[in-house]
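Two complexes, one shared chain (subunit A), two partners (subunit B, subunit C).
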Partner chain A sequence: MRRTTPFVVALCLSATALLAQDLTEEQDRALTARQAHMGLYGFYLTPLGQMAQDRIPYDADVAAAAANNLAAMAAIDQSAFWVEGTDSSLERSRARAEIWTDPDGYLEVKQGMADATEALALVAGDGLDALKAAFGPVGQSCSACHQPYRAPAN
Partner chain B sequence: MRRTTPFVVALCLSATALLAQDLTEEQDRALTARQAHMGLYGFYLTPLGQMAQDRIPYDADVAAAAANNLAAMAAIDQSAFWVEGTDSSLERSRARAEIWTDPDGYLEVKQGMADATEALALVAGDGLDALKAAFGPVGQSCSACHQPYRAPAN
Partner chain C sequence: MPRWPWIVGVLVVGTGAGWFATKPTPLPASALEGITGDAERGAITFAAAGCASCHNAPDGPLDVLAGGKSFASDFGTFIAPNISSDPVHGVGGWTDLELASAIMRGVSPDGAHYYPAFPYTSYIKADVQDIADLIAHMRTLPADTTPSQPHDLGFPFNIRASLGVWKALYLRDDWVMDAPTPELERGRVLVEALGHCAECHTPRNALGGLDRSAWMTGAPNPSGDGRIPNISPAGLTWSAQEIAEYLNSGFTPTFDSAGGTMADVIRHTSQLSDADRMAIAAYLKVLP
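After this line comes the complex of A and B, so read on.
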């Protein structure tokens, strides 16, 4: 497997360059950055969700760190992510045009996630019951954005 | 080009799966997350560096937002990124073993970046001279971590 890796990596770099061909550098960077940001939401949400659903044991330190990090990421100004011309008409994007045509609505749900994750961060280390109670609104804040602003998977 | 895209995407997903074969899910997720986090550093550093080097015009709002976001990301607890077995012996990783054998040193340079980016965030919107003065220590904080803790590119 090790011997095929350089070839596979080179092929993927070429493919990435090919897929990026239609985009400006600014569009490409914004798309990559927001997908990285969303990926980090997933990274921090995973242990919190697994604890909330009793799939892994509750760990106060892990829960508190993940919730603090999630809240810090959710509080970040994300306006630089939404460069014009990077909506779901592109293969790489699931961002509905409504993000651009309804910016106030988008900002409202974005603030909803910031509020819900901040509330979770305040209690995530205080026991499983507290985590479970505060995790629900975080999950709802995901849906509140994905439903209106994320297109179905290709 | 559009017609080749699904094939290329499928190939890359297979390649990614192949490259991830040797790792546990936890290791794979940690590697992906920390590379996303580093990529976001780059996303926010780029306009700041371009302004500091007079390559793009100074824009107080853009500078302040990028610097605030960079400082928020640098302040994040990154301990979940450094899962054992994800050092530069892997193709996907440039993390030197010293991250694990010298955790205090790593935490010190990590704090150095948090401090330098916080100082930058405090002044990035106050004019180009202020930005330039505060950007230097941020660049130095990158090197202060990369030199001891990042292996050369493969």
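After this line comes the complex of A and C, so read on.
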């Protein structure tokens, strides 16, 4: 055991290094950045969604701050995320090739999310009913992109 | 080599007998006797059965069942037909019994087998009243004149008669799960029959029959990339409330959102009542 463990660890490390070598540094950075960006959407959606679903008490300040951040993130230019060769043919990626082959369609749903989150940010601090009403379209805007442009998990 | 003529003879006789034993069997003529469809209740059944997920036009509204979406599989590409109320290009000219036979037995009005890409394999378990309601609702939806497109299947899958054998093997109307409470009973109707969840979430054998011993434990994605997830308790640890919420809003407990085909499914489950979504969740929570 003592002898094999370092060997197995070394093997795993070199395998990982080999996988990582398949990507250029630019591809690797773009993938990491956009997945972090998606993760942050989830981070700011969580308190908003938990309030909308009556799982935590409504807090106007928390809701307004989260919704503002979400809207800011959705509004920024994201074109640098979509480096060629980083679609779901890679183990690490679930981005469908259609993002590259249908950029207009992708940009349209991306704008849909920017619009829905901006509308949410305008009212998120105005009470739970206003939050709930504006939160639904945000959810639909997530699906509008995930439906055509995200592959299922492996 | 001298054995070949014998084998051909056996094949011819066997195929003939097999064809006779496996010819299309529609619903009995009396199946809808004394049953009147309720279009309003049928709207719920329509959503629960997800008809529009496959039969609406690509990017079209959910109530225009013009067909035209294509579905890749190991057997070829299926193209959903027009099932709108148009009497020529849709199904508006069919009788209720013809429609019910198509939905619950996979048999066309002229007596041909349908491919099980159409989930009559699940709808066979539905209550006839629910299907009568569904048909009444479908008759209220708009007509569309888009002609149906033929499927694109390779040999031997393009021979519909071969489906008789497939049906004899895999078309079953018995439930997979026990349902000891009214909620589980409703959940079972929604999951096993109308919602036809197993068609994607349960793995299939080489002939395309569902593997009931691995019920809802996930499967390769028939359209290519990724896997359809395991939604038995071993794979899905969400609470019943969280499952019901996902079926309403598309958000997971950590506020990721549904994608792919499931986003389409949620366009329909979001139209169900809270009680129905909780019944689906209750069913999933008691799976082995």
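In this text, the second predicted complex is superposed on the first by the 135 of 154 C-alpha atoms of A that agree within 3 Å, B and C clash if a C-alpha of one lies under 4 Å from a C-alpha of the other, contacts with A are read in each partner's own complex, and residues count from 1 in each chain.
Heads up, the rule we're going with is that contacts are C-beta pairs under 8 Å (C-beta built on N, C-alpha and C of every residue); 3 or more make two chains touch, one makes a residue touch a chain.
Because the structure is a prediction, the values reported are computed rather than measured.
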{"item": "First (subunit B), second (subunit C), both or neither touched by A:45", "value": "second"}
{"item": "First (subunit B), second (subunit C), both or neither touched by A:80", "value": "first"}
{"item": "Of subunit C and subunit B, partner touching more subunit A residues", "value": "B"}
{"item": "First (subunit B), second (subunit C), both or neither touched by A:37", "value": "first"}
{"item": "Contacts of A:101 with subunit B and subunit C, given as first, second, both or neither", "value": "neither"}
{"item": "Touched partner set for A:53, first subunit B, second subunit C, both or neither", "value": "second"}
{"item": "Contacts of A:143 with subunit B and subunit C, given as first, second, both or neither", "value": "second"}
{"item": "Partner chain in contact with A:88 - subunit B first, subunit C second, else both or neither", "value": "second"}
{"item": "Partner chain in contact with A:151 - subunit B first, subunit C second, else both or neither", "value": "second"}
{"item": "Subunit C-contacting residues of subunit A that also contact subunit B", "value": "46"}
{"item": "Subunit C-touching residues of subunit A, taken from the complex the two chains share", "value": "42, 45-46, 49, 53, 88, 94, 96, 136, 139-140, 142-143, 146-147, 150-154"}
{"item": "In the complex, subunit B residues that touch subunit A", "value": "1-2, 4-5, 8-9, 11-12, 15-16, 18-19, 21-22, 29, 32-33, 36-37, 39-40, 43, 46, 62, 65-66, 68-69, 72-73, 75-77, 79-80, 91"}
{"item": "Interfacial residue positions of subunit C with respect to subunit A in the complex", "value": "221, 225-229, 245, 249-251, 254-260, 263-264, 266"}
